[in-house]
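One chain, chain A, links the two complexes that follow: it is found with chain B in the first and with chain C in the second.
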Partner chain A sequence: MSADPTPGASGSTAATGPVAPPRTPAASIHNIGYRKYDGERLGRGYAMRSLFVQSLRGAYGLGRSAKSKVLPMVLFGVVLAPSLIMVAIAVATDAKELPAEYTAYPLIMLPLIGLYVAAMAPQSVSRDLRFRTTPLYFSRPIERTDYVIAKYSAMSVALLIFVGTPMLVMYVGGLLAKLGFVDQTKGFALGLVMALVFSVLHAGIGLLVAAVTPRRGFGVAAIIGVLTIPYFATTIMQFIVYDEGSREAVSWLGLASPGTLMDGFQSKFLDGSTDFPGSIVPSNTAGICYLLVIAAVIAGSYLLLNARYRKAGL
Partner chain B sequence: MTVIATESLSKRYPRVTALDRLNLGIAPGVTGLVGANGAGKSTLIKILLGLAPATEGSASVLGMDVRVDGARIRERVGYMPEHDCLPPDVSATEFVVHMARMSGLPPTAARERTADTLRHVGLYEERYRPIGGYSTGMKQRVKLAQALVHDPDLVFLDEPTNGLDPVGRDDMLGLIRRVHTDFGISVLVTSHLLGELERTCDHVVIIDGGKLLRSSSTADFTQATATLAVEVTDYAETPATAGSNETPANAEQPANAEHTANAEHTANAEAHEHTANSEQPARLDGAAALREALTAAGLRVAAPGSGEQTLPGAGHLVMVDAADESTYDIVRDTVVELGLGLVRMEQRRHRIAEVFQDDPQSATDPAATDSATTDPATTDPAATEPTAGPTAAGRLTESGGRDDTEGGGSHVR
Partner chain C sequence: MYDPTVARLTYRALLGRRRALILMVLPALLLLIATLVRVFDASSDDVATQLLSGFALATLVPLIGVIAGTGAIGPEIDDGSIVYLLSKPLKRSTIICTKLFVAIGVTLLFSALPVLLAGFILVGASQQIAVAFAIAAVVASIAYCALFLLLGTVSRNAVVIGLVYALVWEALFGSLVPGARTLSVQQWALALAEKVTGSGVDVSSAVSLPTAAVLLVVVTVGGTWFAVDRLRVLKLAGEE
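And then the complex of A and B:
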């Protein structure tokens, strides 16, 4: 065994030996020297759009490692599944309407959406803060507000896709099941309004919490905490005051958490059915307060994010 | 043409004054900005990038006013921060492409420029791997690449050699030099290491406490005369002394290893210190003997205790002015005649720090006198402030040797 390979091996080295050296120079890389760039520079607006696109793709793990695609894609699949099932049921049973309203869908999926925000908001902003990449952005044409706007809108659009796609599935399914074009279109339109307000509100809260907790793990926990603990606390309080007979207090309490805020908003303004105890719809005064609080939270998140980046600069 | 111009530029925070009426005019080329930590280097860069408003005074970069044209300046300027700023989970290519687009380059151009720039800074196959696995030197290259990818007219490099080993440091300094010579990009490089800038920069600006201390061309006083550093042993090597001192020398080696170029050298130096200090204190001082002999041979020799000879382990150095080629022969022959061991003989340039040395030394040190006399002529009008005297010398003394292991190890304190 040891005798046989030896002639073969020596033969092969003898064969490759003379061949190999002449090939090496040909394989060298030519240094063509430094080339100046004289092309166009597209400036601030383009840079901001690039950041928006990059952040939006990042929110679904696109353009990043396969590992970081897993979570957003799994969550997206899970949030989509109930809408497909609902459509299947509606088509199979010749139902008169879909099992759930469009506007109620984000509320049914609330824990799942909370999980998605908690996973993706830190990914979007905490990384730049933690690895101190922000000075590289601010030493480029964009301003600090541009950075915040790009990140905020990217997160909002990512959430809108996350919440709106199941609604689209329901709408297409509803039309296929011949549930009435006018009814479905109206419901879908209201659903989209709900999805938009819901997305902007939750994106703002999520990004703000993520931006003040640069450690990603803390950020995830903090966002889940901020989105769920007040929601459960508020719901419990609502049932307590409802049992004690003060119906008006139920809707006022609803202002205290993002989830109940959206519930009251959609039942008051978007024709939705509510999960509030006794299906109480906020009064007109309370309704205006719902709008004001939503606007205040969105504006507040934006302003606080800007303040956060004033400090995080170079 | 000036790349950066400031006029009476001040920046005051509630508690501290970061910049105090700074007047600068920086021409194209490689300019070093030297100052201790907190001297105002970072504040100056921040203002020049248009990110922080100046309290008073004005500044312009590439002919644009920093107050109104911040975004346009940042389009034509690159910035490499001092600290780590790279996300570990993306590859260098992805990251630099993104940064190129953030500078306004269209997608195709961003990709082409990224490939070019990464190759120019010396990153090849590894550029497709996540940055998290890179060495410090490779990370510094990525940081430099992102500052150059949009082909700026000027780059600010904030402490680019921080955290690098001596070889990496030399590579980086060479790269910075090329950024100007090959790429045609002006460079403003900050450092608290005076020694490394003299090799890299055309011009050095020294600020301290937000004030301009000095602004001079490096060529004028570092290349005027060549100096020869000669290190000798106290005695001709005999096997007996070398053998007897081997063990203690090795034991002491780790503590002093950083001062020496190689292990053999360390053993020698330690052996002689040992011999001179404890065992036979009455023996002849080799360096002093050589100094006398060389002076007698007509060479100009620096007085002991001047310049870097105050450094630990530098007592055996003799600094000789190398007039021409024959100096080398004279030194060699003299060393042989005296029966000393020649540890090394290397060429030196004058160092920027010499400019800041006190008068008593320059009186006895011909080299320092030379640079002191040429000095007023080469400084900028703005820099001829009387503050550059004793305070500068006190702050800007060098604490490190100029051995290869130390790189530009001279700290501004």
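And then the complex of A and C:
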């Protein structure tokens, strides 16, 4: 009230003009004894952390109905199973190394991880948009960027758990099978770098598509479409240009889809073996472009998500 | 069997607003790739069959099928507006059949037609590849629509289940476990394509043509019948 210099609002009883509200003694607000809240205000950071934890738990169906636990848990089990089988084989047959590399694991499981992103990213952001509950979040002391950061990091961590746990199983199994501590630790560390980049990239793409298509079902199909269609198209184009004999073009084409992007990245920078035709590893120039494209996709999806929530309607 | 109003509503739900544009992206990509391959003169019968079976029939047709099949009825059941349709003096079979017709029409328009065009762009009339894959796409579209319409009626997670079937079962399992190929719409359609193409083309299916034909009819008719049956006893539930 101190910031308002107009005389009509200053509380004096003298009427200053015809627009001043009529003040009669009958119209007053009584104090009917509600208690004030005088506890600690937990603030913006707390609200953001709560949103992060709630979104992360939600990505595995925790804190939700039993029916919505089924899908993430089944997918998690299926993505974990091959790593257990690999470890069992390695232990039983006295193998010299694990049947698959750490960095290759996310690429082998690409369809499953794609399904997980497609199933979980919409449940994280689309429901808030569909039921128009986003304004309720913004009536708390969080900003738009806080909401985006919390959702983005929760989805990334959920994916990191999804991709990283099988690697952990492989690492522990590799140590138990005495495959060499240094080799296994190095492989596991590189695998974790791969898992981290993979998770952040896919979480960004998944959340962005989900936030743009809040309609039930469409978000799932759209994410799968964005992840798999370019992948299939790129792979087929790579084989065609490889058959035509242009080896350089294979790695440049790899920039066109998230899956091949990760494949080229891990073969160039993380000593992985690649599924590209002819096992072609990107050249140095192409490798830098891989890094740039990955960074651009991650930054771009973050910025576009922020732009999406500027107007939090449908 | 067919109700124009239901058809119009379903058509608008599937293609209204910007959805037609989004659906257009997939076939446009196929045509773009086909044109590029042709322009760079890399096109041969082998490349054409690789592209049409590996990309078009394995990804494009099932994905459009999932979107059209489940999208024809799923959202309506989800938001509860299906009760307004069910409370009209229409047979449940009419509702399902009409929605199936529209879904098939949309899938044909966005997948079978582009496959035919892409085939002609790639190799012209050589070995009847274009026609063979177009026929396969038509048959697969019909079966997928019936199957995914049933899924949309039965389950709330229809899209995910449909995608699991199309990507994990047909693509991943089909390439690892040979037996899984017998139960795959894609292989049944390929059996038809195998019959139509000329002898010098490498199109092979895991199932014989009579088996494929019988299974296709069983899935389409059975799926539709079961969807009608499920719609008859449909229960509306709240969101989770």
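Here is the rule we go by: the second predicted complex is superposed on the first by the 275 of 314 C-alpha atoms of A that agree within 3 Å, B and C clash if a C-alpha of one lies under 4 Å from a C-alpha of the other, contacts with A are read in each partner's own complex, and residues count from 1 in each chain.
In this section, a residue touches a chain if its C-beta (ideal position, glycine included) is under 8 Å from a C-beta of that chain, and two chains touch if they have at least 3 such contacts.
All values derive from a computational prediction rather than experimental measurement.
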| item | value |
| --- | --- |
| Touching partner for A:Phe138 - first (chain B), second (chain C), both, neither | first |
| Which superposed partner A:Val241 touches (first chain B, second chain C, both, neither) | second |
| Touched partner set for A:Gly217, first chain B, second chain C, both or neither | second |
| First (chain B), second (chain C), both or neither touched by A:Phe181 | neither |
| A:Gly33 touches, of chain B and chain C: first, second, both or neither? | first |
| First (chain B), second (chain C), both or neither touched by A:Arg64 | both |
| Touching partner for A:Leu112 - first (chain B), second (chain C), both, neither | second |
| Partner chain in contact with A:Gly43 - chain B first, chain C second, else both or neither | first |
| Touching partner for A:Leu51 - first (chain B), second (chain C), both, neither | first |
| Footprint overlap on chain A, where chain B in one structure and chain C in the other make contact | 64-65, 68, 127, 131 |
| Contact footprint of chain C on chain A as seen in their complex | 64-65, 67-68, 71, 111-112, 114-115, 118-119, 127, 131, 215-218, 220-222, 224-225, 228-229, 232-233, 236-237, 239-241, 243-244 |
| Contact set on chain A toward chain B in their complex | 33-37, 39-44, 46-47, 50-51, 54, 63-65, 68, 127-128, 131-133, 135-143, 313-314 |
| Chain A-touching residues of chain B, taken from the complex the two chains share | 42, 45-46, 49, 51-52, 71-72, 74-75, 77-79, 81, 83-90, 94, 98-99, 101-106, 109, 113, 116, 120, 130, 146, 150-151, 182-184 |
| Touching residues on chain C, where the partner in the complex is chain A | 19, 22, 25-26, 29, 33, 36-37, 40, 42, 47, 50-51, 54-55, 58-60, 63, 66-67, 70-71, 74-75, 78-79, 157-160, 163-164, 167-168, 171-172, 239-240 |
